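Note that the chains take the letters A, B, C, D, E, F, G, H, I, J, K and L in the order they are written out, and that residue 1 is the start of every chain.
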Amino acid sequence: MSDPVYKLFEAVGTSEKSIEDAVQNALARAAKTVRNMYWFEVTETRGNIENGKVKRWQVTLKIGFSLEE
Amino acid sequence: MSDPVYKLFEAVGTSEKSIEDAVQNALARAAKTVRNMYWFEVTETRGNIENGKVKRWQVTLKIGFSLEE
Amino acid sequence: MSDPVYKLFEAVGTSEKSIEDAVQNALARAAKTVRNMYWFEVTETRGNIENGKVKRWQVTLKIGFSLEE
Amino acid sequence: MSDPVYKLFEAVGTSEKSIEDAVQNALARAAKTVRNMYWFEVTETRGNIENGKVKRWQVTLKIGFSLEE
Amino acid sequence: MSDPVYKLFEAVGTSEKSIEDAVQNALARAAKTVRNMYWFEVTETRGNIENGKVKRWQVTLKIGFSLEE
Amino acid sequence: MSDPVYKLFEAVGTSEKSIEDAVQNALARAAKTVRNMYWFEVTETRGNIENGKVKRWQVTLKIGFSLEE
Amino acid sequence: MSDPVYKLFEAVGTSEKSIEDAVQNALARAAKTVRNMYWFEVTETRGNIENGKVKRWQVTLKIGFSLEE
Amino acid sequence: MSDPVYKLFEAVGTSEKSIEDAVQNALARAAKTVRNMYWFEVTETRGNIENGKVKRWQVTLKIGFSLEE
Amino acid sequence: MSDPVYKLFEAVGTSEKSIEDAVQNALARAAKTVRNMYWFEVTETRGNIENGKVKRWQVTLKIGFSLEE
Amino acid sequence: MSDPVYKLFEAVGTSEKSIEDAVQNALARAAKTVRNMYWFEVTETRGNIENGKVKRWQVTLKIGFSLEE
Amino acid sequence: MSDPVYKLFEAVGTSEKSIEDAVQNALARAAKTVRNMYWFEVTETRGNIENGKVKRWQVTLKIGFSLEE
Amino acid sequence: MSDPVYKLFEAVGTSEKSIEDAVQNALARAAKTVRNMYWFEVTETRGNIENGKVKRWQVTLKIGFSLEE
């Protein structure tokens, strides 16, 4: 059996609710086209502001998935 | 119409509840004196500890607002 | 009275619920053997993925505690 | 309406003229296959040298585009 | 005569033309309210994209000015 | 002739033998679907441990390839 | 009682004597207009040179102060 | 079953042979007193020089191990 | 003779006098329980403020010591 | 034929016109004493300010050149 | 006896064989003109690719040597 | 008159007394062979330890000097 190889890509999930929800949204969208996603790392947490409140959380992720042989 | 210019400042919001709440507290306080805040970026997430639990979340933000002409 | 000295260590807390819960889990476990923990800093937020969803949040902390004389 | 999700990729544009032109070249080439590009960030500015002069500017960009639902 | 003290602030200048022009715009706007600006450092170069072209350069600066006694 | 444009992607190669072998494995796997790869940069070197020994080296690379016109 | 919020700003203190003195000079000057300063962090230590000696230490600080309600 | 918690520590392994061997030496020594080590990350690769040759590789690792309940 | 292995830990020394004194305080306290400390690196220099003056320097160190066989 | 070895050095080019011109000035000056320069990387972009305008761009470069055998 | 002073320079060693060999090549070449080299630190590991394989490892080093009085 | 160009180099000064003294020692030694040094930046502060005390401060500097035409 050969040695596993993984690929990484970056995505930005957004949510009006929470940081965790923004991450879940990014993964849910990515899962439509990418299989075998195994781990992620948060690389940036941002948001835009409306009326002095967070309007939308924007969380950047690095996501790793395995390449099938 | 001239090119927009923005200014950035750093603030630390705190909360006993959550990271998101600490961010909202920083924005709410800043909104009392700063208008036209558009975006923020989380640059540090810290907290102090009491009895082996998070006592208070301390979240540092960079906040951007537009300068009026 | 002499000058206080602190020590820092790194731990990774995990949780299926939230980033905040992962931090609390790390502190709760550390509190079993370390006294006088005063502050922490989040240095990494990661997670593993199952079925296109966050399975478990993994949050790395630097935790500071005071050394008794 | 669901929460927008974005994807990021890195590209290197080159130009014999200027940093700005190298960025435009990277975007023009990427636009042939990627729709809905919204923003970029310069992450590296390099170049190669010939006869003690910049021969070609090489500018690395992170480019964000929205994923359609 | 006492030792000089400086203060730093961050601003984002924008321009449809070039990176240099975005910097000049930030300085021109800041000069309306800040005196004695002496130096700056570019800390980020970004932009937004329209039709596969740079629509507007966004350059973040740290700007130093001296505090009068 | 137009100005060359390159694209970058990140991959993780693994090997039970060495860091170099992990890099070669990542490139060999990527070469099945990507043409014109020209250079790489190691961005992370990690591994997992079994019985107090490195079980498998995990090396993260940024790989650059040219986009054909 | 509401959650405390803090603001951060950057200043450069200078001194012909020492790094510590440059920090004290920055704080002394800032204290003329800012109340409730609580902590600082050194982010850069530089200096200019005259006749092969440090002429003046230049120390950049991030200073935190609490915003009153 | 409760959520796993891990601890991290840093060690420097050395070897006259190779980077990989320096890592193995650090793990072998650490395994004498630490159980359940799961992963490591190389954070620095240095060495000392004798007669214009590498005398000894010095590789700094962050090593993670699980805390038993 | 086997290859030397070192361990690193982080500590924060404090002092009302100077940065150097804060470092010495951290080392003096650590020396009560750690033998064979060989080198340190300053990773952060902070302090708290009282009446517009440095009240106490807080210097974070990484300290390396050799593990006996 | 032996393996090529390169050396790197840092220089600061300045110009009243543009970032690109500051880079060219640094290279032109370096070319008077260094042969075989092949590539550069911009590591800092700064400038000084006069009357609310950029007086002079200051661009720091890392420049690589090959060592002849 | 006076206090030792060291100087640092950066070099890139290359090799078709391994990372270690690239480092040795850089040191061997540097030793032709620099005496008293004591230590190095790897700051970058890159390579170029040919036919989906590493053609040549390129390892950047910071090398320290002592200045004689 | 042409645009000034500067060169940077790194040196490590050492001292048994203080950080400031280590910097002065590096500059004094460098001044024997380099003219027109204008500024420096501290990039690392380290030291070695003997009997639980700082034996010798080791301070790394980047030093800038102007190249004469």
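FYI, contacts are C-beta pairs under 8 Å (C-beta built on N, C-alpha and C of every residue); 3 or more make two chains touch, one makes a residue touch a chain.
Please read all numbers here as calculations on a predicted model, not as lab measurements.
Chains that touch both subunit D and subunit F: A. Using CA-based centroids throughout, the chain positioned farthest away from subunit I is D. Between the Cα centres of subunit C and subunit K there is a gap of 38 Å.
Between the CA-based centres of subunit I and subunit K the separation comes to 30 Å, rounded to the whole angstrom. Centre-to-centre spacing of subunit D and subunit I amounts to 44 Å, using the average Cα coordinate of each chain. Among the residues of subunit B, those in touch with two or more other chains are 9, 18-19, 30.
Chains touching one another form the pairs A-B, A-C, A-D, A-F, B-C, B-E, B-G, C-H, C-I, D-E, D-F, D-J, E-G, E-J, F-H, F-K, G-I, G-L, H-I, H-K, I-L, J-K, J-L, K-L. Within the complex formed with subunit B, the residues of subunit G that make contact are 2-9, 62, 64, 67.
By the touch criterion given at the top, residues 9-16, 22, 25-26, 29-30, 56, 60 of subunit B touch subunit G in their complex.
Residue ranges on subunit C touching subunit B, taken from their complex, read 18-20, 23-24, 27-28, 30-31, 37-42, 63. Against subunit D, in their complex, subunit E makes its touches with residues 18-19, 44-49, 51-54, 57.
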